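Below are structures written as structure tokens.
You will see two complexes here that share chain A, one where it goes with chain B and one where it goes with chain C.
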Partner chain A sequence: MKKRKERIDRGIKARSEDIFALSSYREMLYLLLPRAIPVVGLLLFTPLLSSYWQEVLISTAVYALLAISWDMLISAGLVSLGQSLFYGIGSYIAGALNHYWGWSPLFTIPAATVAGGLVCTAMLLPVLRLRGIYFAMVTLVLPLMLLRLVEATRILGGTEGLTGLDPFPSQLTALYVIQVALLAGLFGFRRIIGSDYGLIIRAINDNDRAVLSAGLNIHWYKTQVLFLGASVGAFAGAFGTHLDMFAGMPGFALDYSIMPVASAVVGGMGTFAGPMLGAFILVPLSEILRALGTLRIVFYGLFLVVFVVALPEGLFHYAQRKYHQFERWVEVEK
Partner chain B sequence: MLVGTLVYGFINSSILALLAMGFNLTFGISGVANFAYGAVYIFAGFLTWIGLNSFGFPYLVSVLLSVLCTIVLGILMYYLIILRVKGLALSEVMATFGLGLAIMELFRYFDFVGFRYTLPVFFDGSLGIGPVFIDYQRLIIAIIAVGLTLFIYLFTHHTKIGLAFRAIAQDERTALTFGIDSDFIGALSMAFGSALAAVAAIVILPLGTIAVEGGYEVLINALAVCIVGGLGSTVGILVASVVIGFAQTFTANYLETHWMMLVSLIAIAAVLIIKPSGLFGRQKELEERI
Partner chain C sequence: MNQSPMLTVHELSKSFGGVQAVNLVSFELKEGELLGIIGPNGSGKTTLVNLVTGFVRPDSGRVVYKGKNITGQPPYRVVSFGIARTFQMVRPFYQLPAFKNLIVPLCSPRVKKLVGGKYGDRDAVALDLLEEVGFERDAYVSYKVASSLPQGYLKRLELAKSIALRPDLLILDELFSGLSLAEVASIVPIIEKLRIQGKTIIMIEHRLKELFRIADRVMVLNYGRKVAEGLAQEVMENEEVKKAYLGSEE
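What follows is the complex of A and B.
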């Protein structure tokens, strides 16, 4: 007697999915609870943490922003192995505006977000037609190239970078700025992908030629997605640069490229919440493991391998399935 | 000056060709972009060092042992990781990259950092060619690069396993109908690629120290040569290593050493934008761009 596992949507999912006139608190909670957890958790409980863990949380949020920016690109089938490009460009623009012209963070961060998005989009525009691994390799190489360029030409402070930038007024301000930005990015991107516009983007990922033959200009859509992703990454860079009061070559470091990918793989790609969840697992974990020195990078590497090989769907997809569906064993028909 | 630049350019090209050979072989046969390649290279170097200095084995024994261990590492990597995600290019890249990161940082954790980690040269001394002096080690590198290229050519054209390699590379399904086990050949290609990385490490590393950062550089150089030449094309990597090798040496001599790495990076970016399959790669129009 062979059995197989059958998955069926829960009744409450079916009821609360399409009908907008919700009839009970249970159904409202069913929809609200998963969305309320990150909002309440971030905005209400994080100020209670110690100063050290707040700091950890800030850097976690920076990585989470980079991860959801990565996820936006992957939604349109653009595999980026160089999120540090966005981070570095954003950080250098904000740093230069602050260092040379003395703009306050209030203006440098929005300016760097938009300008960084535009600059990165312009840099990647020639290779936007490349697909899959070819696009990935260009993105891997670009930040390394810019790194060497800064080193060779000694522009923007060269190897020393731009130091003594304006910090945030207080740690709590920084915490709230980045958390609100993260939540806005998370829910904004989820909203975009859920709309008809997002449908086209996801279709480009699934089958770009089909979209092309439907008469839609996929390159223009890809450019828009790239701009969205790049600006979020540039925002993270601009924020990080004022946080550290420093803009320099570490902005193009491999960390900012690997962590977002690792977070997305651990959390589950294509959901935005997944990569954020992944970042909130991996970054604090690496802080706890800080005592182990470089051994934590070994753990990252192995984490990446184990998740890619054994659990490719990621944690969020798994949790989502358990939340929406129940499973039972049924007999296999002869 | 010019003669010197030309001679060193040729040697730099041989080094690049040696580095890229293993990566290219694995990719050409099984289509696996082994991003742990730099880690394998470093692994072989440190293993030889450990054999020589920690266990006090004779040189030849520790070299053989390290090549053997590297081959085993390659085969294990294939069966435990790559085989499970085969065909998913992104997953392959991420899994091998993660593993490479883990191996390299493990060496850093066990404090394999510093100037004492060097491998001995084969022969001391140097040779004068006109106004230029080159040491024997660099000469040996050039000879081994040429020798290995010949060996790979003969191997893939005149032995059964070599022909099976090429069959899988050309058309996997047809090869399967001829009774060639593609998984086994894939594992063998991984073993060969790792062995070539180990040989490259043993020959090239005596020029400097064994450093973890070297692993990343090796990977980038191998990638640069393979991308410029065309992934999977042997003629391509030879031409590309000559082009990049001479370009690097000329920039290092006439501009600054800072620009040297930039040359290969610019070469990668330019080739990917203009002709993603590389100078000699087989064009796969729809897989590359739309």
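What follows is the complex of A and C.
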């Protein structure tokens, strides 16, 4: 007797996010569980880790924020290779406010988030009409240009950077600040993209001319998305600056641009949770592989290749599908 | 009788490189009229639509709509004046379910203005619109992702997307192309109903028989020029039109 695997989607009822879903504890739990994992995992378990792993998780969360910001841009069809632009700008704004005027991190971080978002949006505004690889090229080049600009003109501390900035009161504070921000970003962005406003954003990615003929100014919507993404990136930069007590040229480093893309590819684009999950795999993995010394990059690269080939849709899409499906073996009659 | 035209197109021209796609085309459209635009392939029909709806900027000429010069306005602004169009090659949002496709036009400033800010349940309005263009009520097909819909439904969805904007002037670019006779026959009543609602319509068509049955007036383009205009029968008697469609006899 031959058997085959049958996959059935769970009923709409339990999957819809409407009021119907709240009709039983089982269904509530079904919806709540996947959302509770990041919240409980981050807020309750990370403080139990050793100081070293807490540090790793802080930097993981910074990359995860950049990945979420990248995912916001890709939702509107904007391919960014320059998350380091957002990081660097945010980092320099917070650093300068603290260094020259002595603002406390309590104010520099929010200020750098908003101002950084505005500055980056203004810088990319002229090329917002470009699509795909053309937009990507400009985002890739801009941080590299700024990097050399700082080096050549010696503004903002030049190659030395701005040092001796105010740190966070404790590592635990820093841990909580970044994790609360990450969760806010994750659920906030998921909320936005799930709304009618988010529908327009996804439609722009799908077919921008059709959105135009639906009477909507796509450039204005793209500008808003860019601002949202850039602000989150700038926040990550401002946070990182106070964490390292330093703002400088490394803020524009390529790492901050490449890691979010890799995270999104591993985790699954367009879901926000996917890129975040990707960052939580890639960054700690890179730490673990440190023991291998020079071979680290080889294994790291190998892992990436295997992952992309084996699961091109991304981990989160795969997990989500499995979660929403029943599977059972049924007999096939011959 | 002395009603001023709703749309006046005055000596509109556009060339792409060396090709004169639209050459000094002028026409007028009265409110409530259905104008058919016909012509062989490459005669500039779609370019004319693109010029009127702002997707392409004209080299010269004027488009006046309800007394307002709208030449060269961006497409989203043209929509806000009350002109909606469909695309010859359908442009659905493939990733979205069929009814969610309509949320996008329903979010436009024009609809918000007409409805007065509050729209209640957009999803319900979207499902109603789909029913209007011939999706069966509450059918599974309305909830399916647009990429899985057959051509007939995509054309209807395209029509629904433009109707959702509550336009006064509707421009349908080859709505019937790629559809079977039966499908065309089922869409014609929808268009007739739109006319009863008082919509002014421009239809670009290759399906002459179906067009002539519903059009008040027909305009013929060839090589970017207007070669004839008038009642359907008159136009088809025109020597130049015969030449354009059948080729000259020499």
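For the reader, a short list of remarks on this structure follows.
To be clear about the criterion, the second predicted complex is superposed on the first by the 291 of 334 C-alpha atoms of A that agree within 3 Å, B and C clash if a C-alpha of one lies under 4 Å from a C-alpha of the other, contacts with A are read in each partner's own complex, and residues count from 1 in each chain.
One rule holds in what follows: a residue touches a chain if its C-beta (ideal position, glycine included) is under 8 Å from a C-beta of that chain, and two chains touch if they have at least 3 such contacts.
Nothing here was measured: the structure is a model prediction, and the numbers come from that model.
Contacts of A:T294 after superposition: chain B is touched, whereas chain C is not reached. In the superposition on chain A, A:R202 makes contact with chain C only, while chain B stays out of contact range.
Legend: residue contacts after superposition of the two complexes on their common chain; A:M137 is shown touching chain B, with no touch to chain C.
The larger set of touched chain A residues comes from B, when the choice is between chain B and chain C. Applying the stated contact rule after C-alpha superposition, one finds that A:L73 touches neither chain B nor chain C. Touch criterion met: A:A214 reaches chain C, while chain B stays clear of it.
Residue contacts after overlaying the shared chain place A:L97 against neither chain B nor chain C. Shared contact residues of chain A with chain B and chain C: 209, 212, 218.
Looking at the complex, you find that chain A touches chain C at residues 196-197, 199-200, 202-203, 205-207, 209-218. Contact residues of chain C toward chain A in the complex are 53, 55, 74-76, 79-80, 84-85, 87, 91-96, 100-101, 103-105, 107-111, 122, 161-162, 164-165. Listed in rising order, the residues of chain B touching chain A in the complex are 33, 81, 84-85, 89-91, 93-95, 97-103, 105-106, 108-109, 216, 220, 223, 227, 256, 258-259, 261-262, 265-266, 268-269, 272-273, 276, 286-290.
Contact residues of chain A toward chain B in the complex are 79, 81, 126-127, 129-134, 136-138, 141-142, 144-145, 148-149, 151-152, 208-209, 212, 218, 254, 258, 261-262, 265, 292-295, 297-305, 308-309, 312.
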